[in-house]
Amino acid sequence: MDTSLTLLLLLAPFIGFLFNVFFGKSIGKSASGILGTLTVATSFATSVYFFMQISQTHQAIQIQLFDWIQISNFKVDFGFLLDQLSILWLLFVTGIGSLIHLYSISYMHDDENMHKFFAYLNLFIFFMITLVIGSNLLVLFIGWEGVGLCSYLLIGFWHKNQDFNDAAKKAFIMNRIGDLGLLIGIFIIGSMFSTLDYATLKTAITGTTNLNITWISIAAFALFIGACGKSAQIPLYTWLPDAMAGPTPVSALIHAATMVTAGIFMITRLNYLFDLAPDVQNIIAIVGAVTSLVAATIALVQTDIKKVLAYSTVSQLGLMFLALGLGAYEVAVFHVITHAFFKACLFLGSGSVIHALHGEQDMRKMGGLKKVMGITFFTFLISSLAISGIPPFSGFFSKDEILMVAFEHNKVLWIIASLASLMTAFYMFRLLYLTFFNEFRGTAEQKSHLHESPSLITFPLIVLAILATIGGLISLPTNSWLNEYLAPLFAKASHEAHHFGTTEYALMAVAVLGGLIGIGIAYAKYIKQNIVPEEDSQITGFAKVLYNKYYVDEIYDAIFVQSINSLSKFFNQYVETTLSSLVFGLGKVTNELGFQGKKIQNGSIGRYLFAFVLGICAIITYLFLAQ
Amino acid sequence: MNTLIAIIGLGVLCLLFEIFELRKAIVPVTILGLLAVLGLDASEFNAPEAYYNNMIIVTKFSSAFSGLFIILTIFLVALGHKFYENQPSKISDFIAIKVFLLAGAVAMVSFGNLAMFFLGIEVLSIALYILAASSRLSLKSNEAGLKYFLMGSFASGIILFGICLIYGAMGTFDVTEISEMSRSAELPVWFPIGIALVTIGMFFKIAAVPFHFWAPDVYEGAPALTTALMSTLAKVVAIATLYKLITVMNAEISEGFQHVIVIISMASMTVGNIMALRQVNVKRMLAFSGISHAGFMIMTLLSTTNAAGTLLYYTSAYALAGIAAFSVILYVCKNTENEDVTNFHGLGKTNPLLAAILTAALLSMAGIPIFAGFFAKMVLFTQTIQAGFIALVIVAVINSIISVGYYFKLILAMYTKEPNETRTGTPVVIYAVAVVAIVLNIALGMFPSLVLDLLAS
Amino acid sequence: MNVSLILIILLVGAFATYIAGDKLASKVALFFGIAALGCSVVLLNHFNLGENISFLSQWINQPHVSFSLNADGLSMAMVLLTAALTPIIIFTSFGTEHKNAKAFYALILFMSFAMVGTFLAADGLLYYIFWELSLIPIYFIALIWGNGDAEERKKAVVKFFIYTLAGSLFMLVAFIYLYQKAGSFLIEDLYKLNLSATEQLWIFLAFFLAYAIKIPIIPFHTWQANVYQKAPAVGTMLLSGIMLKMGLYSVIRWQLPIAPLAAKEYMNIFIALGIAGVIYGSIVALRQKDLKKLLAYSSLAHVGLIAAGTYTLTIDGLRGAVLQMIAHGFVVVGLFFVSEIIYRRYATGTIAEMGGIRTQSPKFASMFMILVLASVALPTTFNFVGEFTVLYSLSQINVWFAILGGTTIILGAYYMLKMYQQVMLGETNTKAFADVSLNEGLALVLIIALLFFFGLYPKPITDLITPSLENIIKVINRA
Amino acid sequence: MNNILNEIGIENYIFLSTILFSIGVFGVLYRRNAIIVFMSIEIMLNAVNLLFVAFSTYHQDAQGQIFVFFSMAVAAAEVAVGLAILVSIFRNLGSIDINKLKNLKG
């Protein structure tokens, strides 16, 4: 029963993918779209079923399909593990997934390759499910690389544009850097514990004492690098903003809600491992905090609506990693969920805007859309409030918990995080104001076409907005359903409801205040003074640095890409030629010898006989006089 | 013995045919005769015997090699049919000379007495002088003849001197007595000197460095068929005789003598191969390749106790490949004034069969598997390593690599270049000879034991 | 019923093809190719039933050489690889007209005959003979049916021939030397030998020269790129798909067990050499202007990793290496076929002249994509299984080996995706590009299917090869 | 006869004929006229013949002298062939200077 259902859960999207690949074109756009959506919906339904089941039984479901890879000291089998964590992930992956599929039906309708789009989306869901429900690290790795592939395919969906292709390639390769880290981690774990299976691993680690901490730390660090790649943390975050080259639904699904949370998922999965490596945890916390701040600062000045959202995603992921680093896994998970809701909503909202403006993404050319696009605006507003951490919206609860945890552990981190969230509030409302308030700044031609998006687009927005509003309920500060639900996963007792005292309230107040300040500044700037960000050319000073993302891309390009290319050039021009000339050289030398030798053979009998006699003398001398 | 007599008789018969104006019949009859002789020889194989108080001693060794010589002669005579068709008046002479040459050759491998050895070598040489210079009007041929003659008779002088010294030391020409004495008695210094001189003379005959200079010139100048004869029959005879001489006359070879052999063998291979690289004339190229093969053959002298079979195998492989190659050359260069590589361009298209045969022959010489050449080299290396001369083997290996260079130059010419002339006529005899030769070669490659075990000690 | 049958089939096939004449040649060749495949499958079945399908008969008495074919799991796996690829390769060439086709296809069959022989031979000399024999046909295939300027080609091919021959001749000397010691060329006798460390070192190096050139391991790879480029697609497939596996197979079968001390002593050096090949090949591939050359360097990188795996002397290393060999065999054939397909349409190998093909030929684009992904070892493709195992074995020796070797998954992705982008993506190409024909599609689908099947379920192959590899490990650790 | 030999000693005969032989060799090496080269070779052969006779006396054994006849006959045959070749060369080249014969080389 479980097995077959699991397979249904897993394969439904895959079947959708196959069908769309082979027959998508023939059955027509809407049909392929609906098909794609339905398959994902099926998975969603199944996950709901499993959710019901597990919330009663509290029993994780283990499924072994077949042996996969045989290693000397262990074998990896193709199996699945459905426990609290994976099912939770399944819920919002498939749930939001189906919403976004639905959304895309309308959004992508004008695209000639719509069936391909849905095929890829389905494939992505398939791989994401694999990633989540895999029972061991290697199955996770399948999904891990698979989603990377899908993001590559979807970023480069409009493959006639080489810039998009570059972005896609960049995303894939940066992910691969992380993947190498992940692999190394897997190797070390494999050789240390002779298993990659979560269950066995957990017992192996938690059960035994006197483990080699150094190696565990190395493994944890390697895994963390992998997480950095997927979840766009410093130093591997630069691909995510570029990934916005893909269609907006993709950005919403892959680059905001689901795939980028894979890193958090993996770390949460292996929390018992990371608990043993405090140094690595610190690194994670710091990296997370810094990332959130850096990304937020960049987001302050971006003018491309999707770029702002992208950086805000990076920043939010940073916060999650902060939580992870502080060992507050359930908090991180909580934020993952709420973030999935409001960020998906925001992206889809921006998508709806872009859709209305026929692909215009520059906020400087927007404004005043509030009037025409009521629903979009409203949902957008809610999500913005949520992300800014304004009660009672979901973001408030999750972010607040992160801040609290940070405060407990380390004030500096807390300050950084608070700053980041303040900025978040600012740039989100900057975005909101620039887009929806004041007068429309686009061309008259665009103005004439302005319209609210069709219901297929607005419906998901509404649903997500609702979720973004009430999402916080799953883990209220006082009694957290989520924590209890996730409790079995964690080795250490989770930070259960820290006794709620004045400090906590104070912190809450500070956080909310920070959010309000951010909003206030934005209001002052963009409503009161009605400022519009200046053209790229006029940007100066630190703003310019921010606007150019601290020139990180350029630096990376200079350090890595260029050096590899010049190395390749060197190898090609010098090393290769030298090596081959060495080999050829031998032949040439012998040939030359032959050529010279011809001169000795000059045809004169005298010389021949002379050589003859010389030979005789030499031999006789050697034989008789030399002895 | 009967073999020898029969051969001589056959030679005389050829001359008689001339008198009775039966030229047409000469080639077929001679071939038949030689086949008969081959049978005779085979019958003697298992009946070793000494004749005329040890003037001639028929052994397994001698009759095996005689068999090889006879087969080679058959091929050469057969080729002669086509080769001499435009000078019919002389054909009988040429055939007769070849047959007598064969007689000399047989005498050389079955001598029991230095006198016999000397006569044999002279019969062979003189016959070769004539053949080399046989196309009277071509200056090239004359020059070749003279060069060969001068140096050849010089070499004979050396050999004679050597024999004389041996005689002086031993007081007899009988090799068996000599070998006995060489083991027992306290020897005067002349004896080893004599041996050395005779050996040197033989080195000249097999064209080993530094006594090789005549070979390229003579090969190039002499008529193609004669070149074929020299590079196959003559060389094989010489090395066989030298081997026999060394084995029979002084059982254990002195340290120094081994060094000399090693050095000469190395030098021969290296010089031969390197010189061959830049040759444009195919006959000349094969002359140099012959020199390098002489170097390989000399390696057998380092393990005199058990190398007879190896030598027989190597020589057969080499000679058969040579015959095949030369028959193709004869076909290609029939009407061309020289034998340059350019004549072979596009043979792969115009005449795939012959091209394939030549390729096979060259591959065999280069020592590529399934062709006899490979096993010849392999077995040779095995024995030489057994004898403990691994350095020599390494040099030999390096040389085989070099040799590929020029063998493949010819192959490339045949397959990649465009044909520059269309050849007409399909001379059956040449085809037959070439095919038979190469088939024999491959057969030897498939079943080396056939020959290897013949003289297994 | 024994393994010599498959050799006979292939040999007969070669002659039959030649006799069949240019018209029928390809069909006949394909028929015999498939026949050989069927035969090998049947043999595999017999083998799995535990029957003895080896073949032994005295051949030469002095020196003692026997015609001995021994089929263990490893050999069977390689034979199956050859037998599976041969018909595919023949099939891929259906789209192109070859002058003097009968000789062409006969040579292909003859070559796979020689290669199968190499994989089966259990007698040193016999093995060497097959090893050399396989060189002749590819030489002529590349020489006569190759593309590009004749002179250039000749140079490249002759260099290749002499170079490889040079290497293998030293192997011959090594074998003869071993023969002195063992008194026989039979592999089991050679396995029994206990040579001194110095002897082993020299033997090891002699073998290494032969294999390093054939595989090729840097810095002995200089022949590769040019020959791959100049040879016809079929030749390139034979070379890269099967022939270079001969080298790797020989390392496992002959070099390591015969000279284990040397192998252990200098393990790190040779692993490092292999890994250097990975990085070097990948980086050089980055700037290749010719598609086939790029693929050549990519395969240099991949085999580098495989070689490194073999020299770890661990069961994981060997197993991973063998799996990766098979996987790489299929992928590389597929990729070279892709390049051939493009060549048929655009008559060029220069990447710069391509681009914007995807919009015109979705099917082709997808299959190409899949092959690219397979070659960068995406999980669920066969290559991942092999690469993972190899990298794991490397990590067991030294984690840095794994990290450096692992760069292949980054660099590989880099140059392959770059290549794909330049070849397939971008604005629609002005030159029309017909989507894959039925034949072409069939061949590619076949390859892809195999890759995915074994990627998800490598167990059959693993079970096939593991016992024999364990034996070899035993031999390596003897004394 | 016998005692003469004893008085003179066999070595001297060997030296004598070696010297003769060497003279012949030098003749071959340094003379350019083919005829004279022939004669030098004849000197070599005859030097050897002398030695043969000496040895045969020394050993009290007739074989040596018989061998001399062989070698004489052979030499005669050789010369016959050689002169024939020379004649045809003279016909074609109009000279018998062996230095002129350098067409075959390289």
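For clarity, chains are labelled A, B, C and D in written order, and residue numbers in each chain start from 1.
Definition applied: a residue touches a chain if its C-beta (ideal position, glycine included) is under 8 Å from a C-beta of that chain, and two chains touch if they have at least 3 such contacts.
If you're wondering where the values come from, they're calculated on a predicted model, not measured in any experiment.
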Selected pair, greater C-beta contact count between A-B and A-D: A-B
Per-chain Cα centre nearest the global Cα centre, belonging to chain: C
Centre-of-Cα separation between subunit D and subunit A, whole angstrom: 99
Approximate Å spacing (C-alpha centroids) for the pair subunit A, subunit B: 79
Whole-Å gap separating subunit A and subunit C, where each centre is the average of the chain's CA atoms: 37
Where subunit B and subunit C are represented by their mean Cα positions, the distance between them in whole Å: 43
Numbers and ranges of subunit C residues touching at least 2 other chains: 162
Shared-contact residues (touching 2 or more other chains) in subunit B: 146-147, 150, 154, 216-217, 405
Multi-chain contact residues (two or more partners), subunit D: 25, 28, 98, 101, 103-106
Chains grouped in pairs wherever the two touch, ordered by label: A-B, A-C, A-D, B-C, B-D
Subunit C-touching residues of subunit A, taken from the complex the two chains share: 21, 66-72, 78, 138, 141-142, 145-146, 149, 152, 156, 159-160, 162, 165-166, 169, 172-173, 176-177, 179-180, 183-184, 187-188, 190-191, 218, 564-565, 567-569, 571-572, 575-576, 579-580, 582-584, 587
Subunit B - residues contacting subunit A, complex: 146-147, 150-151, 154-155, 158, 189, 192-193, 196-197, 200, 204, 210-211, 213-214, 216-217, 254, 256-257, 259-260, 271, 274-278, 402, 405
Residue numbers on subunit A that touch subunit D, as the complex places them: 598, 601-606, 609-610, 613
Subunit C contact footprint on subunit B (complex, rising order): 309, 348, 363, 368-370, 374-375, 378-379, 381-382, 385-386, 390, 393-394, 397, 400-401, 404-405, 408, 412, 415-416, 448-449, 452-453, 456
Parts of subunit D lying in touch with subunit B, wherever the complex brings them together: 10, 14, 21, 24-25, 28, 34, 37, 41, 44-45, 47-48, 51-52, 55, 58-59, 61, 63-64, 66-67, 70-71, 74, 77-78, 81-82, 84-86, 88-89, 91-93, 98, 101, 103-106
